[in-house]
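Next, two complexes with chain A in common: one pairs it with chain B, the other with chain C.
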Partner chain A sequence: MKKIILLLSLLTFWLSAESAENILRKIDANRLSDGKIAVMTMTIRGRRGDRTISARVWQRNSKDSFTEYLSPAREKGTKMLKLGDQLWTYSPDTDRTILISGHLLRQSVLGSDMSYEDMLEDPYLLNTYTASLIGEEILRERPVWALDLTAKTADTAYARRKLWVDKERYIALKEELYAQSGRLLKLLEVSAVMQVNKRWLAKTMTYKDALKDGDGTLVNIESLEFNDQLPEHLFSKAALRK
Partner chain B sequence: MPLLKLALRNLFGAGLRTGLNVFVLSVSFVIIIGCQGLYKGMSEQMLRAVTASYYGGGQYWHTGYDPFDTLTLDDAHGRLPDALQEMAGAGLAVPALKRQATLYTQNRVINITLNGIKTDQTIIDIPTVKLRGGGRAIPAIIGDAMAKSAGLKKGGTAVLRWRDARGTYDADEIEIVETLNTNVNAIDQGQVWIPLDRLQKMTNLHGEATLVITAVDSARPRLDPSAEKDWQFKDQYFLTADERSMMTAQYIEGGVLYAVFLFLAMLGIFDTQILAIYHRIKEMGTMLALGITKANLIWIFTLEGTLYAVLAAVLAFIYGTPLLIWFARVGFALGDSYAQLGLTLGSVLYPIYTPSIVLGTAAFIIALTALISYLPCRRIAKLTPTDALRGKIV
Partner chain C sequence: MIKFLLKGLLRDRSRSFFPVLTVTFGVFLIVFLQAFFNGALANMYNTTAHHQTGHVKIMTQAYAAEAEQSPNELALLDLADWLAVLRAEYPGIIWTPRINFGGLIDIPDLNGDTRTQGPAVGSAVDLSADSPELDFLNLKKSLVRGRLPEKSGEILLAADFAQRLKVSPGDTVTLIGSTMHGSMAVNNFKLAGTARFGVAAMDRGAIIADLRDIQNALDMRDAAGALLGFFADNAYNDQKAKILQANFNAQYQDAAAEFSPVMRTLIEDSGMASYFAMADAVMFIIAIIFVAVMTLVLWNAGLIGGLRRYGELGVRLAIGESKSHIYCSMLGEAALIGIGGSISGTFFGILLSYWLQYHGLDYGAVFNNSTMMVENIMRARVTPECYIIGFLPGVLATFIGSALAGLGIFKRQTAQLFKELET
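Then we have the complex of A and B:
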């Protein structure tokens, strides 16, 4: 009898591990695509009031992206190019292209809670983490799985993550990113979702640096379209000056 | 000798005019020597402070370390070669590990350099012994300028975030166990000092360092060729290059000040000489008629002018010596603006007067006065005794 119970527990554990991995695979498949164009606004909540920045983003292969800031006037024309793990910004005021590296990567993006190095993380969760299902909850009236993600290798930026994943839509409604010591570093909460081409995606989310006080940065996706045929010239340094 | 007597008699005969010239020139003497002493003191103070607080007797740098390129800092580390480990074991060197990190304090995010240093070191002036023990938080020492800019004080805490050698984030609380009263920017602005073993553990860089600070006057060990490739010795002369170039700039600025003072004094002497030649033309004619040579006449007038500087030196010695000694004792109080300029100076600057400053300044001023005195006297060479006796000058 004891052996049967042990076998059943092992089987349940194996099934849940398998299932957690599947969940990650589906999350990745749901949110990542070969190409997309999005118009988004980013509201940075500061002590001196809120500041909203809008931008158009072209993203290719989930690793390359080109961002052009549309407003306010001060940021208009600023562009950012990410090719793999390299990042450049272009400022029309100075007419200079700067490679963001070293300590600059730890600077916040236009005063938001997001740093440049956050943008360089590998977006594929399945590549990076081993997931385990730790529970089932109701989050914002949606049934969710709680997943605990542990980094597969020691060179992963965040050693541990916790995800609360919508059971039906395979979208993470809440995400917590932890340091090696277990201290919470970043918090991502999705407050509105949208469906594009049968995929459920985050529409409004708050990105918060947990080590800082404040309400975090609110990101809102105004429009999004999938497009696998993004022009090649967009993903080059020459495009920054155009 | 008779010429000297004659020159002196003429000089004293001029009365108030001589007195004023001598006084103005003596003020130039005192000011120039005072300023030079101040620059010398500034230079010595700056070099002493940076040597005692950070450079020691020179440093061994890991080949990847470039203090002006923070982008490469996270790759600049390596295991100490045996010779340097022995040196550190004997208390003649102290290894330091440098990493980039982010400090969260008072809702601000500050990029800093995290310095790990042995707590039992006595080579540099940082009281690292205070980093021993402590509670759960990482004990840290920061400079007072850093404390001011980060809004931290002794006993205060902040959250530190860093990445280990493999790039994984970690974060923990630090507690400020001491704030350094230092003027050395290299150990203050943007720098946080924590125990070396703790930083090595935090970053998975066990036994590694970025640089090794050696004790002043310690003998350089012989490194094997492979270690020599990875660890390069930077002597005090190399390390203090910035301070020295800063001092050179200060000297140049000071030179402008000397030039103004000297110009005013020399203008007075030049005018006096010109006036003397015009007013004393008949005297010159008489002397020429009595048989004095033109060369001797030029010599008398040049000597008269030069003697202004000699008398000024004597006067400056009389009142300048106690004044400059007093100045060397009380020093020159610097305002906050100097600290903001990034100069490694204390709140008070103490001048240092060396024989070379005093004698060099005196010799320079006397020589310059002689030259300025001689220039108007060249006209004397064109004088004929008859014209001179009639008061005519060419």
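Then we have the complex of A and C:
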């Protein structure tokens, strides 16, 4: 009898591990694409009030992106280029292209709760984390799986993540990002979703740096289109100065 | 009588020269030590006030809570209004705004790409021609190459830092910092000059820029991290500072509003209250010990002088001079030696102290790897007490020494004198 119970437990564990991995694979497949163009606004809710920044983002292969800030006036014309694990920013006032590396990576992006380091993360969760299913819950009237993700390598920015994933739409509605020490570093909550080309994506979300004061950064996707044919010249340093 | 004693002292060098020399040397050391300790303490106060805290400092309560991180997002707003209010209400204080900031200095190559970078800490101060900051930070004397920033968009770099980055006056440098709202700020500046600030922590990587330029660069229009207040005589007075603080905080601080202003004194803001108190006490104790030791030495010199003249006193008693007269003349001589030695010792002590006050002693090598805000040049400081401190041990010790040694005169028997003189 004991052997049967043990066998069943092992089988259940194996099945759940397999299931968690599948969930991750489906999340990645749902949100990542070969190319997309998005216009977004970021409302940074700080201790001294709110500030809204808008930007247009071109993204290809989930690894390269080109961002042009549209407003406010002080940020207008600032551009950012990400090619793989390298990130440059261009400031029109100084006509300088700066490689963001070292401790600059830990700086916040335009004062938001997001750091440059966050932008350089491998977007494929499956590449970086091992997942395990820890439960099933109801979150904002949606049935969700609760997943516990552990980083495969020590040099990952967040050693552990907890995800609450919509069972039908394969979109993470809530994420908690932890340091190696177990301290909560970031919190992400999706408050509105949208469907584009049969994919369910976050439309409005709050990104909160747990170590910062303020109410977090509210990100809103104004428009989004998938496009596999983004021009090659956009993803070059020369494009920053144009 | 005094004239007679003086003649005696001058004609018998053995009675005057060495005792006066001993007193001179002792008093010289006491006076110089006092001026040196004064200088060391004043150096600590001045460096801290000029570079970090002012004599009093006004910040928002939120900024004050995290002041060591220079959180410019919590800066004091409506700076022009605050300056007008403070200058009207406290006209005896020199008010000057400052912004402390950190960042990277990035040097471009011919293509505008990064050639080299280095972390820097910066101070934005009022660099207009009539600004008191030029004296507070000793900027004119600190210049090594080039000139002070005169136009908008010019900065000053620490000389060693500029050398490490291989930049010269006239070159363009880029400051990568963080705006008041947390965005990355990238701004080009022209290097006007390089300076050696005489503070090891600054010489490793400091930027000095004009307040208006940094307000623009860091999106801090009409804002500053702190408003520093300096007493008109440029000397810190803790009692005055505390009265000013109590007055200001009672009027303007609102504990419930995190962006309301709060005033802190130099001692509080530097976080070195116990350090200053300890340094003050240690220097006082060292001075007391030294004065006590010198008193013993001079006292001993008086005793030896009395014993050396044992024979002479015997002759004087033998020829009929009264014991009390001899005793009084000895005390008079001791007083004259003490006064003479104290005057010459004070003179030489003050002379050397003034030299050290104006020229200073460079001991920067000791602080090569230090992050303490300590000026590399140690200076003495001559205060009124330096003129009198040497007289206490100089006159009293010699006088008491002679008074004790002279007591032996009263124990001598006239009948024994000739016997003593024969031997």
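Keep in mind that, in the parts below, the second predicted complex is superposed on the first by the 242 of 242 C-alpha atoms of A that agree within 3 Å, B and C clash if a C-alpha of one lies under 4 Å from a C-alpha of the other, contacts with A are read in each partner's own complex, and residues count from 1 in each chain.
Rule of thumb we're sticking to: contacts are C-beta pairs under 8 Å (C-beta built on N, C-alpha and C of every residue); 3 or more make two chains touch, one makes a residue touch a chain.
Since the structure is predicted, the reported quantities are computational estimates derived from the model, not experimental observations.
> Evaluate whether chain B and chain C can sit on chain A together after superposition, giving fit or clash.
Superposition result for chain B and chain C: clash.
> Under the stated touch criterion, which partner chain does A:231 make contact with: chain B (first), chain C (second), both, or neither?
After superposition on chain A, A:231 lies in contact with neither partner.
> Could you look at A:143 and tell me whether it touches chain B, chain C, both or neither (first, second, both, neither)?
In the superposed model, A:143 contacts neither chain B nor chain C.
> Which partner does A:89 reach: the first (chain B), the second (chain C), both, or neither?
After superposition on chain A, A:89 lies in contact with chain C alone.
> Per the contact definition in the header, classify A:98: touching chain B only (first), chain C only (second), both, or neither.
A:98 contacts chain C only, not chain B.
> Touch test for A:159: chain B only (first), chain C only (second), both, or neither?
A:159 contacts chain B only, not chain C.
> Just chain B (first), just chain C (second), both, or neither: which does A:185 touch?
After superposing on A, A:185 lies in contact with chain B but is clear of chain C.
> Counting only touches as set out at the top, which of chain B and chain C does A:75 meet: first, second, both, neither?
It touches chain C, and chain B stays clear.
> Once the structures are superposed on A, label A:135 by its partner contacts, choosing first (chain B), second (chain C), both or neither.
Touch status of A:135: no partner.
> Please work out whether A:107 is in contact with chain B alone, chain C alone, both, or neither, and reply first, second, both or neither.
both
> Which of these chain C stretches, 4-12, 22-30 or 40-48, gets into chain B when the structures are overlaid?
Answer for the clashing stretch of chain C: 40-48.
> Share the list of chain A residues that count as touching for chain B in one structure and for chain C in the other.
47, 103, 107-108
> Can you list the chain C residues touching chain A in their complex?
Chain C residues touching chain A: 62, 73-74, 104, 106, 108, 112-114, 119, 174, 176, 178-179, 181-184, 186-188, 219, 258-259.
> Which of the residues in chain A end up touching chain C in this complex?
44, 46-48, 51, 74-75, 89, 91, 93-99, 103-104, 107-112
> Using the touch rule from the top, collect the residues of chain B that touch chain A in their complex.
69-74, 100, 102, 104, 107, 109, 111, 159, 161, 163-164, 166-172
> Would you tell me which residues of chain A are touching chain B in their complex?
Spelled out, the residues of chain A in touch with chain B are 47, 101-103, 106-108, 151, 154-159, 179-181, 183, 185, 209, 211-214.
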